[in-house]
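Next, two complexes with chain A in common: one pairs it with chain B, the other with chain C.
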Partner chain A sequence: MSMMEFKAVCKDYRKKTALSGVSFTVAKGSIYGLLGRNGAGKTTLVNMADNRDFPTSGQVLLDGENIKENDKALRRIYCSGVEELIPTYMSVKEVLASMRFFYKDCDADYATELCKRFGLDPKKKLSQLSTGYRMIAKDIFALASGAEFIFMDEPTLGLDPNHRELLYKVILERFSETEAAFVISTHQIDECAGLFERCLIIKEGQLIANEDSDKLRRSAYVAEGKTVDVEAYIAGKEVLSCESVGSFSTACVKGEPQNVPDSIEISQPSLQQLLIALTGGGE
Partner chain B sequence: MRDFLRFSFKSREGMPAYLAFFGVSLCGLFMVHMVLLGVLKYDGGGSETVHIMIYEMLSPLFAAAALSITAGRMMRTATNGGTSRRSFLLGMGVLCPVFAVISTAMTVIAYLITYAIFSANGMRLSNIGFEYIDISSKLLLDPRVMIFNMTIIFSLMLLMYTLSLIYMGVKSRFGGKAGFAAAGLLGLSYFFSLEDYDIGIFRELLWYLEESSNDMYLLFEYDPNYPLDVAAHTFPEYLLIFIVTGAAFFLAAYLIYFLLARRAPVRGKV
Partner chain C sequence: MGANYPSFNDTEPLYIQIAQWLEDKIVTGQLGTDEQIPSTTELSQRLRINPATVRKGVTILVDKGLVYKKRGMGMYVAENANKNVRDDRRVKFYDDYIKPLIAEAERLGISPEDIIDMLKGGDGK
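Moving on, here comes the complex of A and B:
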């Protein structure tokens, strides 16, 4: 099975370390969620995946080959993001035609079908599209690229709920057809939670979690109740986050719930709640 | 690199975009000539030779601007399309001379059309080759003068491309303002070298070019009565001096561009 491996990837800017020794593997046949707060390093990581930017140290390998200066490997990867790399005077159709110079498996018919489903006119120039439709166009380019490893950075930015739902459906359909690896970086965590098989959580440039989504959610629980009771219960436990509103508190605790008093209510955290707890709360 | 070259010649972002930018610039220059023709006619201009070199001086500058815009877009699209930086930069090394040849041909065609219009109005439009050689006006359209003219324009294209390459290289590492400043300084140093041979960092080389072109009239107006007055070089050698000088400047700038852009991140507007 084809694999992409990020090996101790570091990226330093003049005043900031964007990524610090990030290592993980992306395998074909899985959908990954790349999660983290703003400025955590998600986009930097996506940029490393197709040589838009280069790591200060570390390597990105595809089936054991370094992707740096490797056209053959780079053609198996497609990254779409918020940044406008494609000239906006081009129409969707023209972009697809130009993609075929590089991505031999780029499926123009499939792209046209997607345009119909999303209500996007492929003859329109990118500059004539609204923010949401421009993002849809980029998502269509990624889905139709025929690449084996598809990185989508904020694919739902500016999309209305209907289009978001359709996009999730389309991603799943495409995934089941092609078995390509999808790495989706998003802030719409609960909406996308059903898509992700694995979650990669980045905090301040470091990978703090790389786990199966369900296992990750089961790795913690939420304890709710009166502040006095909650504080007493969580004493000595690994608390990920604790918030109080009036005399009521909610704590996200790592591990399995044990010896739960009747005054405490236990529930499973959503992926979003867990991410907030893991990445420093809502402050 | 082969895929990138195919892309740059056939896709809309590549050569068609460059030709569109440059073509529009040439049309602009053509209009300037037509306005000038109108003014000269109004002033009662007769059968004199018009000594302006607008095409030769400005079209390389516009070509350099067109190259900067096109290359910037191609780099972003190609990188988005899984092209390595090395393939892109090596591809640019092939593309630039091809673009320079095409731009030179377009400039000469524009000149000839303009010349024909001026001739129809009883005037003659001079060209840079002719001005440099400083020979009798009968030889204005001598094929050798035209070939020399094309050689100078081609060399100027390569010379102006250096501004573009330095701009793109510095911009990729240090930002757009630094790129403009670096290209501006280089342009000024060319200007001062041509204007005054005592200042400017390229004065020796450019002085040699000037001397060569001034010396060339001996080839055209060789007098068998004074056999000592013979040109230092043959006609192809003079052409080669110009091409090699332009190519040397271009290669130096290309190397700087290659080194600066090879590891620079590619960014687009957010």
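Moving on, here comes the complex of A and C:
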């Protein structure tokens, strides 16, 4: 099975280190969630996947070959993002036609079908589309690209709930048909949680988790009770976050609950709650 | 979890909830004996859940002998599936329903007699 490998990828900008030594692999036949806070390095990482940006050190490999200025490899990778890289005077149809020069397996018929399902007029110029529809157009380019490794950076940005639902369905359809690897960065975590087989969590330029979604969710638990009881219970444990309201406290604790006293109630966090705890709370 | 029909909860692993959802269909007869259950692909798209997770859920039913595989055709509901799920759930009925009921009744100070009265259709007052 083909795979992409990010090997100790670092990216330094003049004033800031965006990525410091990020390593992971992306295999065909899996959908990955790329999660993290604003500015954590998700977009920088996606940009490394198709030569929009280059690592300061480290490598990105496809089946063992460095993808840097490697057209053969790059034809198998498609990245769509929030930034405007496609000229907006082009119509959806024109973009698709031009994509075929690079992406030989780009499927225009399939793209037309998707346009119909999303209610997007392919004759419209990108500049004529609303924010939501411009995003949908980019999502359609990614889905129809025929690439084996598809990176989608915040594909639901600006989409209404109906379109988000449809997008999730379409991604799963395409995934079942093509077995392409999908790497999806998003902040709609609870909505997307079921979509991801694995989650990659980035915090301040570092990969802090690369785990099966279910296992990740069960890697921590929530303990709730009177503050005195909670404080006594969590003493000496790895506490990810703790918040109090009145005389009660809720703590998110790593590991599995053991020897829980009656005064403490235990529950499972959602993926979103866990992510917030792992990446530094809400404030 | 907004993206899923039905709404699955955050408490239990998704694949277990998928298995329970399919078992519900068997208990209520929506999926009858020898009837085909939807494919992993169909379920994945319908539930907006990764096929790997769906497969894990269906495997639970296979392991319990509730569904059987027809080569190249898909999965079908086994003959005694309905009875087996019901038997299985009867065993768990005490833990799943009675225990939390007793716990809540104790918190509220509802006596066992009142509970019995309610079960028989009274209002417990």
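We take it that the second predicted complex is superposed on the first by the 283 of 283 C-alpha atoms of A that agree within 3 Å, B and C clash if a C-alpha of one lies under 4 Å from a C-alpha of the other, contacts with A are read in each partner's own complex, and residues count from 1 in each chain.
Operating definition for what follows: a residue touches a chain if its C-beta (ideal position, glycine included) is under 8 Å from a C-beta of that chain, and two chains touch if they have at least 3 such contacts.
Keep in mind that this is a model prediction, so the values were computed, not measured.
J.: When the two structures are laid over each other on chain A, do chain B and chain C clash or fit?
T.: Aligned on chain A, chain B and chain C fit with no clash.
J.: Could you look at A:Asp214 and tell me whether it touches chain B, chain C, both or neither (first, second, both, neither)?
T.: second
J.: Touch check for A:Glu83: first (chain B), second (chain C), both, or neither?
T.: first
J.: Check whether A:Glu173 is in contact with chain B, with chain C, with both or with neither, and answer first, second, both or neither.
T.: Touch partner of A:Glu173: chain C, not chain B.
J.: May I ask you to decide whether A:His187 touches chain B, chain C, both, or neither, giving the answer as first, second, both or neither?
T.: neither
J.: Tell me which partner A:Lys93 touches in the superposition: chain B (first), chain C (second), both or neither.
T.: Neither partner.
J.: What angle, in steps of 10 degrees, lies at chain A between chain B and chain C when each chain is taken as its C-alpha centre?
T.: Result: 150 degrees, to the nearest ten.
J.: Taking the superposition as given, does A:Ser267 touch the first partner, chain B, the second, chain C, both, or neither?
T.: second
J.: After superposing the two complexes, find the smallest distance in angstrom between C-alpha atoms of chain B and C-alpha atoms of chain C.
T.: 27
J.: Write out the stretch or stretches of chain A touching chain B in their complex.
T.: Contacts found on chain A: 47, 50-54, 68-71, 74-79, 82-87, 90, 94, 97-99, 101-103, 147.
J.: Residues of chain C touching chain A in their complex?
T.: 1-4, 8, 10-15, 41, 44-45, 47-53
J.: Could you pull out which chain A residues touch chain C in their complex?
T.: Where chain A meets chain C, its residues are 30-31, 161, 164-165, 168-169, 172-173, 175-176, 190-197, 213-214, 217-218, 267-271, 273.
J.: Spell out the residues on chain B that touch chain A in their complex, using ranges where they run on.
T.: Going through chain B, the ones touching chain A are 3, 6-7, 10-13, 73, 76-87, 263, 265-270.
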